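Two complexes follow with chain A in common, the first pairing it with chain B and the second with chain C.
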Partner chain A sequence: MDMKRSYYEDIELFKSGTILFWSIIFLLALFTFPLYTSDYSIYLMSLIMVYVIVSVGLNILVGSTGQISLGHAGFFAIGAYATVLLMTHLQVPFFVAIIAAAFIAAFFGFILGLPALRLEGPYLTIATLAFGLAIMHVIGHTEIFGGRQGLIAPELDLGIKQLGLNFVISTVTQKYYLVLGFTIVMVLFAINILKTKPGRAFVAIRDSDIAAEVIGINLTIYKTLSFAVSAFYAGIAGGLFAFVLGFFDPFTFNLILSIIFIVMIVVGGLGSVMGSISGAALITYLMYDLFKNVDEAPFIGPLFLSFSERWMTITGMDNFNYIALGLVMIGIMLFEPLGLFGAWIRIKKYWKTWPF
Partner chain B sequence: MPLGQLLIDGLAMGACYGLFGLAVVIIYKTSEVLNFAAGETAMVSTFVAYHVMVFYGYSFWVAFVVALIFVAILGVAIEYFFLRPAKNPTLLGLIVITIGAQMLLMGLASWKWGAEQKQFNIPFSYKVTHEPIPGFIISEWAIAVFVAAAVVMVFLYFFFQHTKLGTAMRATQQNKHAAKIMGIKTDRVFAFSWAFSSIIGAVAAMLLSAKNILDPGFMMESFLRAFASAVLGGLMSIPGVLIGGFIMGLIENFFGYLLPAWKPITAFVVIVLVLCIRPSGLFAKHWVKKV
Partner chain C sequence: MRLNKVILVMFVVFCAVFLMSFAGWAQKAGFDDKEIRIGQWGPQTGPAAPWGAVARGTRVIFDLVNEEGGIHGRKIRYFIRDDQYNPSQTMAAVRDLVDRQGVFAFVGGVGTAPGLAVRDYLRQKKIIWTSVCTGAKGFYDPFNPYLWGVWVLYEDDGSIIAKFLVEKKKFKKIAYLYQNDDWGADAMVGIKKRLKTYGMDLVAAVPVEPIERDLSSQVARLKASGAEAVIGMVAPTQAAIALRTAVSVGFHPQWIHSYNLTDYVLMNMITDGLWAKEGVMTSAFTEDIFNYNIPIVKKYADAAKRLYPQERWGIFFAAGIVVAEPLVEALKRTGRNLSTEAVANQLNNLTFQGMGPKIKWTATNHRPPRELRIWQCGPKGEVIVVQDWTVNELPLELDKKK
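After this line comes the complex of A and B, so read on.
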């Protein structure tokens, strides 16, 4: 139904006036969000946007290039630790530190991309999984990384201390705007990269790596590039995550987090930027808000409590989070394998062609 | 610690990983599903055995049989309700479904039994030791592990080579559609392979929890090691998995003795290095994709 008549139509950012209009409305809503909500909602929104950055990056790797990574929490951790350590030990300004951290993460992504050239399917899964675990243990056992106690993020100074320019931000709202700025830039970058030569090469590799090689795509360069770009996103997100949370330890970045990143993009829709945004927002909201406080819900809460008391244990009630998340994952895969984005496409098609 | 004991402990741990790796491989061989829920299925069955022993006061062997029946039903249920309805799933889609089942089971188990650690006792304690050859101390637990691994291996050999169902499973693995045409009910074969795999996994999990502790997360790390040893063995050959498990256990025990802090990851680093050299594991023929 989306027939394209020229190359320009394929690469333009906003396909139609309607999309432009709603995008502007959406951005206005995001920018005015702190005016009419509580501090907790603003904090949750910042967290959602951090995860949006990770899942947009992961979707470039998994959805567009067709590689599997169960080790993205490792890149996320590298971003967080590198940003904080560069700022505290070397007094590097924030913006330089976060970009340097992202490049460090991208370098590790490149390293992980090298074995990925020869591995596929289950073998690639175990290799990336091992990478994530290794990063977690290295961080947990090394003194400079704060060991098991974790690190406390320093004061967030956006200026350059050496030149006497100080611009300290501390409130939740200020951090929200910082994260929002980064998210918009990173999402636009992702939308655009998929329409450039590397982006097209990624998609060709996903569809058939042999055919891609035959038409002249260098697999070595583009597969490692895909890992590096994806790790770069996770690194930026990690740096922001450190300041949104203020405190983190190695166990924040465990295997479950890597799995949750995969869940976000699968629920949202593989290979689509809008899908990763909606998936990340939905899963983060479910995990950190709705399912966490299920016992305080108006009608279900007391019922739930008495059921736990009679048949289960009260202490284990927080694990309802996992049960619900598992059901969401299975349900999406069984009933809507293309995720939220697939559902959106179906609804749109239905209304556009309505009487037929 | 003497060399002999490191060797025996490593081999015993390796046999556990190998046994558990078999659970992963049986499913992968028949249906090409990477079962991430294997660890949690086995964990739930161990809790069922614990429940039967502690709350109802039955002996270990009754609990053992009850847990095995329970886990076979659970495995078939996962296959029937979660995997069978999936339409044309991709590899990633199947992984996501099994991870979903894993989280579901982990949540249910920690909701039901709480997160505190429990002691799971089986008749074969690792504290009771024998010393048949001077320097080689072997515990009853290790003997039980070796016996269980040997019994399962012999059973699987006869099952796959000399029974109708085993032949049907091999046929399904080779070509699902051809097997269907030959009159094999492949869906039923999948259900059976899930039941078998869950039973083997449950045996391995009970042995592992007798050595360590019992809590809802105890199979997570062990599952990853078992999965890694299965990958090392090539994911396709059944003796290869056991050998992969032995290698894994030995590496982990020796490095764990030399560098205790790095014990959890040495095995994984080795696996990645091995995979860089032999991309399909040690004992599988590398399958080159043809156009």
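After this line comes the complex of A and C, so read on.
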């Protein structure tokens, strides 16, 4: 679309003044968000950003490298459990704990990347699926992980206890800023990684791994690296999730969650960072918020309810949530296979010559 | 150069917002002159959806109250939120209700994990919460001044069942089939403690995973132990599978299950009548909900039939009423001058029995009652009360720690 005149133009973070301007506006909106909303919206926004981190990472693996993983809930769980356990049992400071947890997740990602060297397509998917399920059950059976009962996250102290530096944060707003900070860093990191050598190697592997190998890309390194990076993202997100929620049990990280992660990036747009962000935001909103307050709305509420009672199960409005979620997915697959990001490109193209 | 400036501006804004945000957002009040808002979460969709009947059952009692003109001039407005048994969804739903709708109190709420996720939040917000639908002990330790329990602790359940089997039925060999989690473990503590008072122990304790669907090895172990009675702390599906498997290998002990399996209609359906044929027993935490000679049962059952004819009058639907009864009673006693403290004060001094067990809360003890009954499934699937309300008098693990 845009004419690139040099390599440096291609790797610029902000391609034009307009993009820079709107990015700053967007960031300002995010930074001031807690000023004009309720605790609930801040919580939901924190949750969205946690999922944004996961899906940005998952998109590096699925969208850019072309390896499908149905086990990302497993990495997410490893991040959450490792962060909390490091903090409660070894008294590790939060920032160290969450990074260590992410590296542990990355290590598991590396391990899971090894079969990816030999397996392809559905076989790889099954291997990752088994990993996700196994993690859930191993955690559920081990006493130190809290068993089935789950774990309660400790007090979130951003300082270093051993040095007497305490900075305890407890309100949902403070946690929001913590998550926001992590999200910005992780998203910038993802944009950068895709524009450097590893990113280009990932894309080459996706397009044809034989061709990639021929031009000198080491498949062993880059396939496992892609898994590790992706798992690292899920680990960071898991650590944040633990504190946003405050409590988690192994079944939170079930197969459905892995599938939801995939749905997020497919709906958002495979292989694009902005796509992962918009997909995660849309799907989380649909799952957590849409239709939740419709029951109480005048006219529409009773209408939907009576329709549900007549034609669907007795549970009422919640039937529609699934339907809406499903329709959005089908609609996007049918009309916009590139996802929300594809739609965005189309809109941009259409308005390019405006007002003529 | 330009980027540095941008970063600087962003940093200043960030700091300003961060400092200002400590002020927080005003919470909406839970009631006004016309209505009191009460909420409940429960899985309406997803794998745990059958438990969702609890939240829907609660509608019956609130509708009845509203038909009678409400409580001291205020109608009850009731919100149900589907959390799909997912703690992150429960948290979202509860925050949504508290912030956007303004909720005075929560009743019930199915499940240990969803409940634990919102426990601290509700306590911090000082929102009244009666009768979480789980017998896990984690809710009562440490003491939570805004949570009142109705659902009998699993430890008491195990203990009362064991007492009945030994004292009434004179069984010598008792085995235990349990779900491999805190539910099974808590109840096992109660059973073992009780058996120890008779100088006995379980002849076998066999765990089951919640997702297992083939229980032949478990049943073989139970059979090999020579058990005369088997205590079960498992989900309905697994209880049904265990029973079928046992009958097919000619193993006919006295089965006795937890109070979560008191829906004999359902159990007979999924066991093709074996539940009645084998005379399976359970503990129970309500009046016999199919005995319409009991006035309070008749009142609610009739109302349920009239208001929600599409719903099945089963134990979980009825449990929705049981979890809400104490709060309605406390609201009535509070009178027109409503406040969280006033209602909490009434709940703190409440001695009450509706369709469920007898409640006796004090300012320092919000634990659920410690009494259960024992039922048996009769030949036609009806309820036979084989032992009326029995109290577990043994000290709880909860108290031992201190």
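Here are some notes:
Heads up, the rule we're going with is that the second predicted complex is superposed on the first by the 337 of 356 C-alpha atoms of A that agree within 3 Å, B and C clash if a C-alpha of one lies under 4 Å from a C-alpha of the other, contacts with A are read in each partner's own complex, and residues count from 1 in each chain.
In this text, contacts are C-beta pairs under 8 Å (C-beta built on N, C-alpha and C of every residue); 3 or more make two chains touch, one makes a residue touch a chain.
Since we're looking at a predicted model, the values are computed, not measured.
In the superposition on chain A, contact is made by A:Tyr123 with chain B only, not with chain C.
After overlaying the two complexes on the shared chain, residue contacts for A:Asn321 are found with chain B and with chain C alike. After overlaying the two complexes on the shared chain, residue contacts for A:Val62 are found with chain B alone; chain C is out of touch.
Shared contact residues of chain A, touching chain B in one structure and chain C in the other: 141, 315-317, 319, 321-322.
Interface residues of chain A, counted against chain C in their complex, comprise 20, 24, 27-28, 31-32, 34-35, 37-41, 43-44, 47, 140-141, 147-150, 152, 171, 173-174, 177, 241, 245-249, 251-252, 287-289, 292-293, 295-296, 309, 314-319, 321-322. Within the complex, the chain A residues that touch chain B are 62, 68, 115, 118-119, 121-123, 125-127, 129-131, 133-134, 137-138, 141, 210-211, 255, 259, 262-263, 266, 270, 308, 311-313, 315-317, 319-330, 333-334, 337.
Within the complex formed with chain A, the chain B residues making contact are 28, 34, 82, 85-89, 91-93, 95-97, 99-108, 110-116, 216, 220, 224, 227-228, 231, 235, 261-262, 264-265, 268-269, 271-272, 275-276, 279-281, 289, 291.
Across the complex, chain C meets chain A through its residues 6, 10, 13-14, 17-18, 20-22, 24-25, 27, 44-45, 49, 52, 56, 79-82, 85-89, 91-93, 95-96, 98-101, 112-113, 116-117, 119-121, 136, 138, 180-182, 308, 310-311.
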